[in-house]
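Read through the structure below, which is laid out as structure tokens, and then see the notes.
Chain naming follows the written order as A, B, C and D, and within any one chain the residues start at number 1.
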Amino acid sequence: MKLFTSLLRTPSFVLGFGLFFATLLFALLGPLFVHVDVSTRVGLAFTPPSRAHWLGTDHLGVDMVSLLIAGLRSSLYVGFLAGTVATFVGTLIGLYGGYKGGLIDDVLTVGTNLFLVIPSLIVLILLSSSIENGRSLTLIALIIGCTTWTWSARAVRAQSSSLRGRDHVSLARINGYGTLGIVLLHIMPYLLSYIFMVFILQTATGILSEASISMLGLGPYDSISLGKILNEAIRNEALTDGAWWAFAPAMVLITVIVFALYIINTSLEGVFNPRLRK
Amino acid sequence: MTETCSVASKLPRGTQSFVRRVPAVRLLRTALALLSLLGQADCRRDADDAGGGFPRGETFYVAGWQWGEPASFNPLLSNPDWPVSTMNFVYETLLMYDSITGKMVPLLAESYATHAESVEVTLNPAARWNDGKPVTAWDVAYTFELGKRYKSLNIAPIWQYLKAVRALNEAGKEVPVELNATEGYPRRVVFELNAEKKNPLVVLDALQAQRIIPRHVIEPMLAAHGGNLDDFDKLKFDKDAVSSGPYKLFSYSSEKIAVVRDDNYWGNQALHGGKRPTVKFVVHPIYKSNDHFSIALQQGRLDASSTFVPRIWLKAKKGVQSWLSKEPFFLSSAMPMLIVNHKRAPLTNVHMRRAMAFAINYKDIRELAVSGYSEPLKPGLILPFGLEQKYFSDADTQKYGTWFDPERAKAELKAGGYTPRFGADGELLETLDESGRKVPTVFVKSPTGWSDWESIVRISVKSMRAVGIDARERFVDASLFWNALFEGDFDLIMNTPSSAPSPSKPWSRFEILMTTQDFAPLGDKMYKNMGRFNDPKAPGYIPRIDELLTRIPSMTDEGELLAAYHELNVIFMQLQPDLPLVYRPDAFYEFSAKHWSNMPSAANPYLPPLTPGDRLGTNMLWAIEPVTH
Amino acid sequence: MPSEPSPLADQPLKFEAKNLSRSFGHGKKLVEAVKNVSFGIASRDIISIVGQSGCGKTVLAKMLLRLETPSSGTLSFNGKPIGNERDAREHWRSVQAVFQDPFSAFNQFFTIRSQLKSSFKLFKRKPEEEEMEARVDAALMAVNIKPKEVEGKYPFELSGGQMQRMLLARIFILRPQVLIADEPTSMVDACSRANILDYLMKLKQELDMTIVFVTHDIGLACYISDSIFIMHEGEIVEQGPPAQVTGSPSSAVTRQLLDDIPDVHRPWIKRGALD
Amino acid sequence: MLNQYPTLKHILGRAGWYFVTFLVAVTINFFLPRLGDANPVDTMMAKVSAGLDTASAKEKEESYLKEFGLVELDPSGHVQRDAQGKPVRTTLASQFANYVGMSLRGDLGSSILQHPKRVSEIIKAALPWTLALQLPTIVFGWLLGNVLGALAAYKRGVFDQLMYPMALLASAIPAFCFGILLVYVFGIRLEWFPAVGGYDDGLSPALSRQFIASASYYYVLPFLSVFLIVVGGQAIGMRSMCIYELGTDYVKYAKLLGVKESKILFYMFRNAMLPQLTGLALALGTMVGGALITEMIFSYPGLGMAVLTAIQGNDYPLITGCTLLVTVTVLIANFSVDILVGILDPRIRAAQRTGK
């Protein structure tokens, strides 16, 4: 509670959270106010904004506002799913390696470094281009999650290894807790705020990664995402034809979400860190 | 390097001072200097022009033919890079087909004639290789005969239809080959037709498509490689190749390919009244995506392009033009379509195919996916305009054809025993067949990243679903696409079969879609009739189609020909083996008049709409004039 | 006091260390925390390990607790080498500990009571729910805390003295043969300190427990111990009953330790610390 | 044996781990692209088979399969066939063995898509462009970002309040969005800078003033598109590191003792910088990945595009060659930073000696 009030007194948190909440509302409640229809043709290609269609149409004459709402939903979905997977994998490996130390830690560290060394974008591209059938939104999110967990593993590992010598961990050990129990009950709770920050950053990374691979034309083909809107706009020459409404709003949305998540993260850091940096 | 300095002084003043003033730029310059040192090894050829560059007033920039890094200019490869592949810059064809008049224009050949049992070509006596040797009938015969020896050559399939290619002298006698002959060489080439498969049309196609190579150079080279074509294919032919064309390869890198005018070109005297091309260099920049060509075109960096430029009317403000200055802007000759797999349910059912043909919103495709660049689509496989118009029957299409008509689509579905089930929100849930079983989803394959095709597929799927056909898009990697097409691994697949205008149209369009030659089961490759239509071993085989396809090429009576085409087109419309979607040009042709004037267009139609070097478009290089600013 | 017998009572006890060493790192800067230590604890006494900070006493305690592995030498408990047992819990059933910092010894995220209850994990057969509750209550009573007082409370809601008693309550539940008390009094006020020492005595007397008392305070050690080990730089430099060690210290280290005891009758400035 | 030379021992130890990482990376590089069922020869065939009859197409296909080692050969060099007469494909394992053997000989094979070009040829031509675009961008961006971040942390006040949100925003904008925006505004609308390519179409790479001027002019937009984002990201990192350092006891103590401000700043900067070095190594690691999108947006020559087209066309030798190169670069960058930090940071130096 105290934490929450002190957060509310942080202007950057209010700004970040406000922005994020606004995009979330737009994605979730948008369909209540706007008739979302991403298949019907309502005009010619790249019709400029008008009263009926505030942001004009895309290259297939589909209402841009509808596309943005649908795209935003997918992007948020990818972000959260990828963020969850990456945080989960990274946290688990980081916690375990950091607590165990020794050879297991070394092996895990090498594994982590390995994934860090091979650029994740390349792995992403390789994986997503080698999957012929059903490069679905969910699959892409999972792939992103499975390739971007590395730095959260590193960050969590450092924290976890600093906790392993604490008395309460020793007590848990002589109380007969197994490794899993210690990691989950006696180390992870201490890092929850940290892991939450990691999750926020991983979500931002997920959204950016999806946009990147969609930009390269390797996006999901079962749904619309912000990256795909951009990709379609560029490939269908929205730039050349000056159809800013086909790409600028999608860019703004991506930037706003990521920006909001970044500010939330830094403001959280300001609140959490005094405790972490003992 | 002396030339470098003199050229550098021609640099616009603004640029120079810009370079001098900014320290960051100076740093950068050093970095780049180091960089180009690194790049030196690769740019050997480029170094030939010593960084002097291509003077804008003498250079023509063209694009749309080369998408990746150039690798080889070997004329025997199936896919050499621009300017060798399908261009008349370096190697030349015997004749050039004029898609507007339907006539063959002379190039290496002075004339040609079709006889009952043969096609005969007479070479231009002035035709010369750039080493001074004449282009002989031996060269022509050798070029074609290589296809008999090496089955992997593009020219090989013609030997189904040929008995022999013979080089004759004026007197009609064969003379022994003499590689270094400069006089008394044969100029007449007789293509003797295979009596069992008499088809002069494919021979005429080959005369305007096959580039002739110098026997006196290639034969010894091939011999030096022990006759091993795979070894020979490794030769790049990127330096001092012996060729007959008006241009030579000048330089190439991953960013561009350039050709330079050959001032000793034989055709300057023989074909162009002593004039040489006004263009000294033709450069093909290699950009990484389609829209970059549009940007370059509207900024005047490109003079002509053969890429798809959407909404050209918006670019007209910046000086981008096409053949016509108003809709439909282009002349169409090709028909992108959905190839139907006849071995997969429910596509085996003619009602389903016709329902699809009635369901698709051709107007949306034309207006949105191809920017309205063609006449509205009419049913059948014959173009209702241009040279093919004479075979087109409006009455037949009214009677048998399919148009965009959702109600009739639904009626066809009903006739086929199909019942669609829609959800509360109007979305199609599934389609049930007569026995109440779910009809499998029909997937429409298309390569990812081909933006106009993707749009076409999206619109088709949308309109099919609207009437109750359970179709879905499936975009696949280009690398997977072609294999799927040939092996029949698809339900519906995008393709533009046999698109280039040639003497054999519209026969070849029917043939590639409906022939049962080399019929192979799914999983084996078929390069024609990829949809496995009209299986000769299956019940319901219609021998009449093969009969018509075999007979049309040798028909000479126009009335007979007309009747045959009508019959074939009616069969196509009734059975709807495939789903044509829209018309579009075989090769797009856009140009910018910023640097060169007198480009061919509908207003100035001295040549068909082709970029320079592309078939008859080559002749443009003598006619265009630099714009003086 | 609960009258039921300790689950682990009446077993012979023998703690034996032979040439025990523990070092960290390697190369030039090898740190030997414990050097070649040998001893045997066979009685059910209170044994104090006394030494200055960094003398290796905590590392030694951790090795006895099986929280650290010796680099060399052997450590056996009741004849079985430590670390070789199939079930580590076997060892912790017999050897338990209270730690220096009561605040950091408990997990901040669970209630005190639930953490006390989790001690039953060590039991071979986990008692019924009701019995566990009763035992926890009994253990709390044993350290003079009304169960109601700490009902639903988290570690950070209690005082240091209370927390330290909670650690002891654990011991009343587990009733090990050996208790290793690592500076249990250093973080609490003087009043609680005496209290805690009393409980340790009580554990010894009532439950017949052997207590290894780790401290830097030789005075405290004298107060409760039956035997004292003096450690310095990883080695045991002197051992014996308190009277002998304090009465006639044989090593300079012991003398120094004795000198460090604050003496109200002697002004500290006279000791020449500022010379 | 090496105990007398802890630093050397440390370096060797790290080198050992990096070597293991390298081996695993090489294996992944090989197998990852081959996960899909796409066959590069099909792509080649698609390009060449137009107009071929089935029999000759088959023959051609087999000759390609043979050349790329995708079919088993009998001792006389002929393609082995199964009962149906189809060629026997090689197993992935034997392809891997072949690949390892070739890699050890420094032979990256020839490209499939750009057949018959050698992979090393392609990389050699593309790499300088990628390096020229990415290296200065990352290094200068890193330097400027660190200076700005340190200043913001030290000065606080208005400078920080302005710089920090800007830096956050800059790092939140996806690089490609920024690139597209630059192309749109400065390349297409205003036409101040070229939108496409690496140098004037009318020039060829050479050491001439004209070429260098042109290349510099074309360099501006791609450079900016990456540079500002790097600056933003680095400034944020440096700022928080410095704020942390400012709060440490040694800085407080030094201030109490009246140590000169510039000296404090120097120590603070040095200490805060070390973790940032790791960031630099990582940034260098993402170089080719980042280059990919930049090069695509600007049609800029370089390795990124080669990688992308290779991936889309399943050009295994080229993919493997490029990823191998990337892996080696990243490993070397990380290794050097590891060693450098070890030498520069007294804390880590001490830790090396105690081995912990």
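The rule is simple: a contact is a pair of C-beta atoms (placed from the backbone, for glycine too) under 8 Å apart; a residue touches a chain by one contact, two chains touch by 3 or more.
These numbers were taken from a predicted model, which means no experiment stands behind them.
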{"item": "Chain whose Cα mean lies nearest the overall Cα mean", "value": "D"}
{"item": "Result of counting contacting C-beta pairs for A-B and B-D, higher pair", "value": "B-D"}
{"item": "Averaged-CA centre spacing for the pair chain D and chain C, given as whole angstrom", "value": "55"}
{"item": "Length of the line joining the C-alpha centres of chain B and chain D, rounded to whole Å", "value": "38"}
{"item": "Whole-Å gap separating chain A and chain B, where each centre is the average of the chain's CA atoms", "value": "45"}
{"item": "Centre-of-Cα separation between chain C and chain A, whole angstrom", "value": "48"}
{"item": "Residues within chain D bordering two or more other chains", "value": "38, 188, 296, 312"}
{"item": "In chain A, residues with contacts to at least two other chains", "value": "129, 132, 234, 239-240, 242"}
{"item": "Residues within chain B bordering two or more other chains", "value": "289, 295, 449, 477, 480"}
{"item": "Residues of chain B defined as touching chain A within the complex", "value": "289-291, 294-295, 298, 309-311, 314-315, 364, 367-369, 371, 448-449, 451, 455, 458-459, 462, 473-477, 480"}
{"item": "Touch list for chain A against partner chain D, complex", "value": "106, 110, 113-114, 116-123, 125-127, 129-132, 204, 208, 211-212, 215-216, 230, 234, 239-240, 242, 244, 247, 251, 254-255, 258-259, 262-263, 266, 269, 277"}
{"item": "In the complex with chain A, residue positions of chain D that touch it", "value": "17, 20-21, 24-25, 28-29, 32-38, 165, 168-169, 171-174, 176-177, 180-181, 183-184, 188-189, 236, 240, 244, 282, 285-286, 288-290, 292-293, 296-297, 307-308, 311-312, 319, 323, 326-327, 330-331, 334"}
{"item": "Residues of chain B defined as touching chain D within the complex", "value": "4, 7-8, 10-11, 15-16, 18-19, 25, 27-29, 31-33, 35-39, 41-43, 46-47, 49-56, 59, 61, 68-69, 71-72, 77-79, 151-154, 156-157, 160, 230, 233-234, 251, 253-256, 283, 285, 287-289, 292, 295-296, 299, 301, 449, 477-483, 485-486, 518, 520, 524-527"}
{"item": "Residue ranges of chain A touching chain C (in the complex, touch as defined)", "value": "166-168, 170-177, 185-186, 189-190"}
